[in-house]
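Below you'll find a set of structures to go through.
Look at the two complexes coming up: chain A is in both, with chain B in one and chain C in the other.
What follows is the complex of A and B.
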């Protein structure tokens, strides 16, 4: 088990390193930090631009391979992810933003799995019943709602409700209020801000788990081993929980890892709509400002989230599947 | 499971010419009997017609502002209202839908072809080719492809033709993995071994024996691809990295609507409704096709 985890973690680490370096190459090919300076007045000469970029390791006159080497060395030796074209430290931005986004992505992922698997079980037990049909219709509709539309609909609805109630019931902007002190008020304030973005991501993300869990459970619910369990006198609920669901959860657990990039993409849009200063906003800002090092840091963060999800999925699979545990 | 059974049925149809027509007709009949799928097909056909000939529906051009009507709510003159710049929302929605549909259909076709060739090719050729392809697929599934998409799309300054190429280059990955795993069972089939013994070339086996037996999966993938592309394109354009003003897609319209959500909700609601109807209709078509191809649904479909 430990051996399996170590092996998997190593291969994920290699993937993250490769992904980050490929992004570094692409970012250098497609982004031109010099264009930031051309917008300033008075327009600096090309030499002045290159000189000021040189201080941040972005000098286009230096061959790409040398820039890449010093960038890589700084990360490995000092965990320094470099600087933006106007000198801001990428580390400082990341430190704050990763926490903001990580809570959104991870809470939404966990909620998606719980809601999706739960509804999948309900759907499968009541196959072709009224509940099943209603749940499926809702899921198919939600599957087709773009993140942008869902988030904006929630904002629109929240503002309308706030107006009709007369005071701010739902918060639609930012991840926290500026002047809140004390532990309990801070937690309450954070949760209030988390509510709508999380609901938005969960409503869109649970659908996949619902529909796949339903069909997976339908496959196992009629399997021989479940019938045998029932024949030995096990109650229906217990037979489903202990035998059918356990077997049907294994493919779901592995699919969690591959769903995280999607949740991350959703978080980018959700953050930009709800005005969160997280990785999503940083993603848009760095791309728009030709911030090569910032873009790469975002990519590394995204890959790391996927890796964490995948390793958690491996642990869950090992927990559920004795064949993996013993291997 | 269902796919392999479906392929057995398809094999018979490939070898027995006269029966083939009957099977196609059976699929069509099963599809048409599915009311939701039929409704989806009608809505989708309507959208295609509107985006082809919709210019006649609105007397205004999507890019020409009417300075006498800024931020007007829906009225007889402007059925869907106008934007803050005085553009007719109906004309913009029609043009945006045309853009989004063109991109989605082209990308979907390209990704189906790419995923079929790479997925089936990897499974059949085995060895190094399979290892390298799978490595590439897993790598692309892990990298934040949306970020790389945005990176490349942003630098080509909103040209929709380039956007098609970029979206296709990243869109085939998930489907290719599924096709690969189905193909690993197909490659062991007797008819494939038979063809090998008869000296049929490798690529000929892939194109003539593997891919036709994946047809139902590929057609369903094509519909899923249309939905996925529309959603990705909307997100990219919303964030400002896809289609860019003055060109208009549904994502650009949503961006415009989001800034005046409470003061001029019609700018958001019309494109949003069109977008959701479009993706729902395509999904219904996809579900109908899947049921029509599914041999276990014969009891429900044939009467």
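What follows is the complex of A and C.
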């Protein structure tokens, strides 16, 4: 098992390195940092622009291969991912935004999986019953609500409630309040800020797990081995949890693991509506601002998340299905 | 008080065509330590009875009546309450061992879990107990094998594990629902023995559900025959087989080919199909198929009542049958008018193989496939088929029967050895004309008629296809199709119907008609009746016998049911692990089989006669097929009962290639064993 993980990690590492370097070359070909400066007034001369870019390793006059080499050397030797065209440190930006996104996305993902799988099990057990039909109807409705609509509805609803109770019950913007200090108040403040965006992400994210888990479980719920388990004296619910669900969870585990990179960079709309400055926003900003180094860092981050997701999927599969360990 | 009492049990399932009355007023009684058999054809409701007793029917089932275990009512209890009874007081063995075990858990863990549901043991204690149980059911090296996963076990081994799970908590009642239907005969014998041991070990009552009258004859104390959801006859096993009273039972017993009745004698074929149970029948449910039906039979459904002591029957004419000499068996239409007895004349050779070899590569890896080994399915088979005769290939799954027929039917040069079809040796690629001629000359009837008929083609189109492929004119095709329908006994107006409109037996008739369309010299019959119910099976066997005597076609039969093989064959070859170990005229092989594997196979095949079944010596093989490395010696050696008893220098010869030896005085009887006497 350890050997397998080491082997997998090595091959993923190679993949990340290749993907990141290819992104670096592509980003340099398609993004033009100089255009940022042309919008400033007074318009600087080309030489002035290039000179200021040179300080950040983005000088277009230097051959690409040389820029690439120094970029790579900085990463390998100092883990320095470079600067944006206006001189901001990519490292600092990434560190801050990773934390912000992680709070938002990890809690929401965990909730999505728990709610989705749980409802999937309930739905499957009561297939075609009232409960199943109601749950499915709700899920299909939510499935068709665009993120913007959901987030805005939550914001409006929260504001209405705040107005009617007369003080701020729900916080609708930002990830933290500026003047909070002390450990406990900070945690409470963070959680209060997290509430609405997490609800929004969960309501929209659980649906997929609910519907797929329902049909996956239905495939195994009537399997002969579940009947055997019941014949040994396991009650229906227990037989399903121990035998049917375990088999039906394997595809879900894989899909959760591979959704991690997507949720980190994909929560753009939720982040912007609730005023969170996370990875999603950074991804679109770096692209818009021709921030070559930022784009590459985001891509590398995505690749790393994919690798982590894949390895987690391997571990989860091996945990759920012990036969895999033999392979 | 009886261990199990079932009183007036009825089960109804809702369906799109209205409620289905699957079980209608069944009474059962089983004492501890005894075996009660429920026997019937598919759809008779026997498995539903088992499901109702153990409480594992789908929630949509509507159950009425009583199930009493030691006087305690089980019907109407909640799943929670029943789960304390299941496993602890009632153990169950299911039909398909391949899917009955959870694939993700080791077999030891599954036995362990079954123990710990009801017993308060530590994991260690339960594991040790599980290992003991696995040993009891005959798993060798149980401490190590307990850690294996189900996919590492063969079907027979998995069924042993299922039995171990069923008896894990010493239940008082064991229910076995078709426990050996999915298994080979020698494995069936092993598993039935294990079940018997388990029953003795626990002193449990056994409810044995099966369609196989041979299994009933060998293992049941009392028998209930079910038809259309009701018990139609109940008696002690000897009484039932000696003096059946219900016309249905009499028909069933006459439908099974037996050694004593002789070869090719017409079998009883019960006409028609069992009724659909969408409404409760108003008269006797068997009325449409019964040769002795009279007007009174339509008045009301006959109740089960005692005719002679301990013999219950649901037939208003049972008195006449029991006492007044009403001979039901004689009333049944025997399928065949007079079938002339044929002697094997060695006519022209229509099919032969010499040292035929077929192997499959075993590959590994998904992206870069590499061959890691070779699975030799057919190892040098010599097989001859003469015009107009039936030559059967018998053997268990994995013995290479199907590989052999497929190698021949491909009409391609074999990997090694020679194939000759209709006098044409198949060496290089055949030209189109020869290929078409040979294809027309050798045709196939498959096991699963349903799967072999395209559901979107009418019977007319199905039968027209081979004729079109042979470039017949439209008028010829039309004429031939109606000839074919006459030949297999189907009405002309079925031609424009689709296969779904037919019952299993009728579909197999269509399959046979298609095979005969081009007037082949050879028809390969690959398990032609194994998917059919007993009464229908007899009908098809009668048809095959009649067609052969009418058309002088040669049959190459592949089957695992030895009674069917004996009934149809002139010559039989026994195959084991890709090798023919014995070949002989049919009667000779069945009466004087020489090879130890032949003997084991014959003794394992159940006979529907309780007296024979309980007195004969049974050879139960141990171990599994092909469990040792191949050194070119006898392939049967690892399982051979003779091998260990042989003196050393004889045993050494088992490790050398075996040559076919002729049996003295019997032309054509050859056996591949050096250790048996051939005179």
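One rule holds for everything that comes next: the second predicted complex is superposed on the first by the 323 of 327 C-alpha atoms of A that agree within 3 Å, B and C clash if a C-alpha of one lies under 4 Å from a C-alpha of the other, contacts with A are read in each partner's own complex, and residues count from 1 in each chain.
Convention: a residue touches a chain if its C-beta (ideal position, glycine included) is under 8 Å from a C-beta of that chain, and two chains touch if they have at least 3 such contacts.
Source: prediction; values computed, not measured.
Trainee: If chain A is used to align the two complexes, do chain B and chain C fit next to each other or clash?
Mentor: Fit: chain B and chain C sit side by side once superposed on chain A.
Trainee: Under the stated touch criterion, name the partner, chain B or chain C, that contacts more residues in chain A.
Mentor: B
Trainee: What is the contact status of A:165 with respect to chain B (first) and chain C (second): first, second, both, or neither?
Mentor: Touch partners of A:165: none, neither chain B nor chain C.
Trainee: Return first, second, both or neither, reflecting whether A:14 touches chain B, chain C, both chains, or no partner chain.
Mentor: Touch status of A:14: no partner.
Trainee: Once the structures are superposed on A, label A:191 by its partner contacts, choosing first (chain B), second (chain C), both or neither.
Mentor: The answer is neither, since A:191 touches no partner chain.
Trainee: For A:302, decide between first (touching chain B), second (touching chain C), both and neither.
Mentor: In the superposition, A:302 contacts chain B only.
Trainee: Superposed on chain A, how close does chain B come to chain C by Cα atoms? Whole Å, please.
Mentor: Taking the overlay as described at the top, chain B lies 6 Å from chain C at its nearest C-alpha.
Trainee: Same chain A residues contacting chain B and chain C, which ones?
Mentor: In chain A, no position sits in both the chain B and chain C interfaces.
Trainee: So in the complex, the part of chain A that touches chain C is made up of which residues?
Mentor: Touching chain C: residues 223-225, 227-236, 242-243, 246-247, 320-323, 326 of chain A.
Trainee: Can you check the complex and tell me which residues of chain A touch chain B?
Mentor: Listed in rising order, the residues of chain A that touch chain B are 15, 18-19, 22-23, 26-27, 30-31, 140-141, 143-149, 152-153, 155-156, 159, 258, 261, 264-265, 268-269, 272-273, 283-284, 287-288, 295, 298-299, 302-303, 306-307.
Trainee: Per the contact definition, I'd like the list of chain C residues that touch chain A in the complex.
Mentor: Residues of chain C touching chain A: 54, 56, 79-80, 83-88, 90-92, 94, 96, 99-106, 113-114, 117-118, 149, 151, 162, 165-166, 168-169.
Trainee: For chain B, which residues count as touching chain A in their complex?
Mentor: My answer: residues 138-139, 141-148, 150-152, 154-155, 227, 230-231, 234-235, 238-241, 251, 254, 257-258, 261-262, 265, 268, 272, 275-276, 279-280, 283-284, 287.
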